[in-house]
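Shared between the two complexes below is subunit A, which has subunit B as its partner in the first and subunit C in the second.
== the complex of A and B ==
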């Protein structure tokens, strides 16, 4: 049984030459000196080898490391620091610095995380207690499940022809959880905040879907791997810039970035749905918007920026495309958080109006362009 | 507040195996909640803005108390605000810290014997005081640095060193004996009078308006005191009647409601100014009508049924002078003041007398 599992894991494992192959130090006529591969260290030990094989098993690796949990964590820690730093720089300040002077205070989010981790968790009397504590943990479901279907080059868990659709459907579950969090908090501002979240949800979701669909029509497939293959010459953003723009604005709305930071506006509704959370649970819910930003930026780079296309780096093997995807995603996230420094906040009604008029019109143009280009593609002219 | 909360917080941070991590996290992440109560808040804004940038030390100014761990009390805390301060402090998850800036917070500063001031250190436990009126942003930042050092080392140290002098010698007084500074030369007029007299002005429309009003209110004394200003003196039983007539004339809102305390004459003067938003020629005109009521039985009908917006002002006047406006449904609830403060603007309200006692 175990050996069968081991075999299964090993057959579909991530190949990273840097750690799964021998690294030759020098090579003369009769002598070879090498560092033994890291993975083979445990190859003979009964349970450990299974664990190591499991870690490098592609589906597991995808969800847990790249592009999954670990990458999300790195992205969030970096982007929160970057957000504070870039805001500070624009305002002629230094931003977080003294915590680690020589690297520009980049470990500041870690200090904040530690502080949150050891702060008291308050559950107020009016809260619907079980749900109040449950929902922040449930948020990991819609965040990590899309990772199953979003591939990063050769690292993927499930290869399905519907991957983009499934990913978008799962990401759209996140606002449900935010609304549920607001309900479980059972407080005035949380209620207003979740109401705003629900309103925003209606204004961007359709645009987001139409923009994604117009790209799916052009490529003639909803499989991320094929979509990226199609973009090896022209990235999607040049094929259909309207869809890219609509998708871009919809992401800003969906993840409540400025200028659409409406549900959580801390000057108006003091973090809206998340107002009652303290300590580590607040840490979890606060990162929710960033996690969603990460996922949607990943989708954006797959649909419009050629995904993991990029020069292959041999020592990284399977990780190389994942790295390219990660870099593109991070770059996009940096653009999104940069908006905080120079945009004001729209009112809810203005945002709704934009969502249903201009943005919707843009999405329609994108769809028509997509249909046209899709027809051209089917004819084989592209 | 029997337990020493400050010590408890520090103890929590420095106990256990992972104490260094706990201390490190708390030290570099002192997020301050925005609780701007008075002018010292400007210095706080300074300290976090581009000139001084307290965010360099990981301190971030945040909008709420649930997700932060530092309260910066900015100067004056009134008796009413004290509740909010206490609630804010209680809502904040442990471990939490408090810095107090401004002379007002320490012993009241400018307002030390005001009728509505508290000492914040009696309400919540404070870690660091920053004296000054207002203290400089450097002062606030050095308090944050001092707090960081306190978290790290576990002991509170003052950052200022004072020269020692013998106060008793300097002031020429004995320890423990109460001394009062000389009384200021108060000049009390026997019968203070408020003179409101007619004034001759070139104001055609005003003359017409006054004639019209005089016809309607034969019982009142009506005259112009300036261009666009009309004054009506009447008796308290006609108070409502005047209001009703003015309202029907087109004066649709109340500009202000005043009470003047005349203890020597044992009366209050209630003065109400009205104007119009809806009739164009009445817009610049302000009509003030006043009545006198006895000081020992200060009751007067409310005008809320003519002008609903007068509600706040009546409640305010009730808070300050204890005048009861009959018919205002919210009368009697404390509106501006803390419940324990009674009629502070009456002239016979007793303030705390200045005095000092040298202590050892």
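== the complex of A and C ==
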């Protein structure tokens, strides 16, 4: 049984030459010294070999490392630091600096996270206690489940022809949980904040889906691997710039970036649905918007920027496309967080109006463009 | 969570329920009937300042806002009755410390009115110059608060960085960055030398140049305009009816400025315009103050030029009208045990946020005021502020708040 599992894991494992090859330390006339490869270190020990094989099993690796949990963590830690640093630079300040001065305070978010860990978690009397504590943890479900169907090059968990659709459907579960958090908090500000979140959900969701659909129509497939293969000559943003713009604005709305930072407006509703959270749970719900940003930026780069297309780096092997996808995603996230420096926030009714008039018109133009390009089979011509 | 009740034989007094509840108990029930939500904004809220706003919201539209000020009430009027006249100068600055010169100017002028003394020319110009520097500082401060209320953090940091220059000017002239206590009966505390005047001139140029960047990033920002245009409108009639003062009255189309109507100090010798807007919405209330910064820079420049042409020295007079080069040594002898003639002495001052009224009632025998009445602009326009919120969206609460530059310590005194 175990050997069968081991065989299954090893057949579909991630190939990274950097750590699976033997590295020659030195060799003289009659001696050659190797560093044994990391993966073969535990190859003969009964249980450990199974664990190591499991870690490098592609579905597991995809969810846990790239593009999954570890990549999300790195992206969040970097982007929070970058957001604070770039905002500070624009505003004639230093930003995070004192924690790790030599590298510009880059581990400041980690220090903040540790601070959250040691803070008291207060559950107020009016809260629906089980839900109040559960929902922040349940948020990881709709954040990590889309990773199953979003591939990073050859690393993927499930290869399905509906990957883009499934990913978008799972991502759109996140607002539900935010609304549920607001309900469980049982506070007036959380109520107003959840209402705002629900309203924002109405204003961007359809545009987001239409923009994604218009690209799916052009490529003739909703499989992310197919879509990226189609973009090897010309990226999707040049084929249908309207869809890219609509998708871009919809991401800003979906992840409450400026100028649409409406549900969590701290001067108006004081973090809205998350007002009652303290300690590490507040840390968890605060990263929720960034996790969503990561996922949607990944979708944007797959749909419009050619996904993991990029020069192949031999020592990284399977990780090379994952790295390109990660870099594109981070670049997009940097653009989104930079909006903080030069935008105020819109009012809720104005955001709704933008979502249903201008943005919807743009999405319709994108859909018509997509239908036209799909009808003439532009991918076949290219 | 288990709750334990401790049997304490003492019952809380009835006043705790009757006095300390921010709203009458029936308000909550009545609002539920009218499909409303009663929101308590403040005093511990990112967008409330040191006061509580009790907001009745129907859907997303504000029906009524009930102010609950007084959280930073320090009893300036009562404290003033127990202090010497000159000891009150630092006290009356405390309500609005970034506007210190204007705050003390009104009080000192009331004393001078009672003693019937004329301030030397040089002191007049110095007072006017510093009052305008304080006005610039206060308007920049309010612009920063407005920006951060709208979520624009860059618009918050830049004016606050520029305000640093006005603090620096005050420090070089008086020795203190805020709460300068620089204006004294009969003149000013010390002279301004040529180097400081050059610095003030340079600082004004810098503020003028940098406020162009601020204009690009915040004032002409489409999101800012969308948030503030046609929000919290007070018509000309309403503004007069509710007793709005200062730049907020002028934003509604009323050309009233104490500096122009009853000029004090050197204002009648300088050329400047009274800025007036017609719309009466949040954006015009903000723009009026933005343009007033430019006018103030002009006034400061004229004062610097006039002060450079004047001979140095002669910055104060004593109670008998004798010119003094410096108040050092003589000041406490002449003004320390000052007793005003019996009567009531009132002055109006145009502070940064509007008309500021001081009334000193003296019994003619005591060396402390019998009564000091201070009506600050914040208190004047609180009613107008509350009225303009009716019919706005809930998110507009902060936009209107910031556009009024409401400063609870000043209003509460």
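Operating definition for what follows: the second predicted complex is superposed on the first by the 367 of 382 C-alpha atoms of A that agree within 3 Å, B and C clash if a C-alpha of one lies under 4 Å from a C-alpha of the other, contacts with A are read in each partner's own complex, and residues count from 1 in each chain.
Note that in this section contacts are C-beta pairs under 8 Å (C-beta built on N, C-alpha and C of every residue); 3 or more make two chains touch, one makes a residue touch a chain.
These figures come from a predicted structure and were not determined experimentally.
Asker: Per the contact definition in the header, classify A:348: touching subunit B only (first), subunit C only (second), both, or neither.
Answerer: The second partner, subunit C, only.
Asker: Is A:270 touching the first partner subunit B, the second partner subunit C, both, or neither of them?
Answerer: both
Asker: Pick one for A:105: touches subunit B only (first), subunit C only (second), both, or neither.
Answerer: Only subunit B is touched by A:105; subunit C is not.
Asker: After lining up the shared chain so the two structures overlap, which partner does A:92 touch, if you call subunit B first and subunit C second: first, second, both or neither?
Answerer: both
Asker: When the two structures are overlaid on chain A, which partner does A:120 contact: first (subunit B), second (subunit C), both, or neither?
Answerer: first
Asker: Is A:356 contacted by the first partner subunit B, the second partner subunit C, both or neither?
Answerer: Neither: A:356 stays clear of subunit B and subunit C.
Asker: Based on the superposed arrangement, let me know which partner A:131 touches: subunit B (first), subunit C (second), both, or neither?
Answerer: neither
Asker: Mind working out whether A:162 is in touch with subunit B, subunit C, both or neither, as first, second, both or neither?
Answerer: Neither: A:162 stays clear of subunit B and subunit C.
Asker: Tell me the contact category for A:78 with respect to subunit B and subunit C: first, second, both or neither.
Answerer: Neither partner.
Asker: Take the contacts of subunit A with subunit B and those with subunit C, and give the residues found in both.
Answerer: In subunit A, residues 91-93, 266-267, 270 are touched by subunit B and also by subunit C.
Asker: What residues on subunit C touch subunit A, complex-wise?
Answerer: 1, 37, 39-40, 45-47, 60, 147-158, 161, 217-218, 221, 223-224, 226-227, 393-398
Asker: In their complex, what parts of subunit A are in touch with subunit B?
Answerer: Listed in rising order, the residues of subunit A that touch subunit B are 84, 88, 91-99, 105, 108, 111-122, 266-267, 270-271, 275-279, 282, 286.
Asker: Touching subunit A in the complex: which residues of subunit B?
Answerer: 13, 21-22, 24-29, 31, 49-50, 53, 55-58, 60, 62-64, 66-67, 69, 91, 93-95
Asker: Quick check on the complex: what are the subunit A residues that touch subunit C?
Answerer: It is residues 87, 90-93, 123, 125, 188-189, 191-192, 258-259, 261-262, 265-268, 270, 340-350 of subunit A that touch subunit C.
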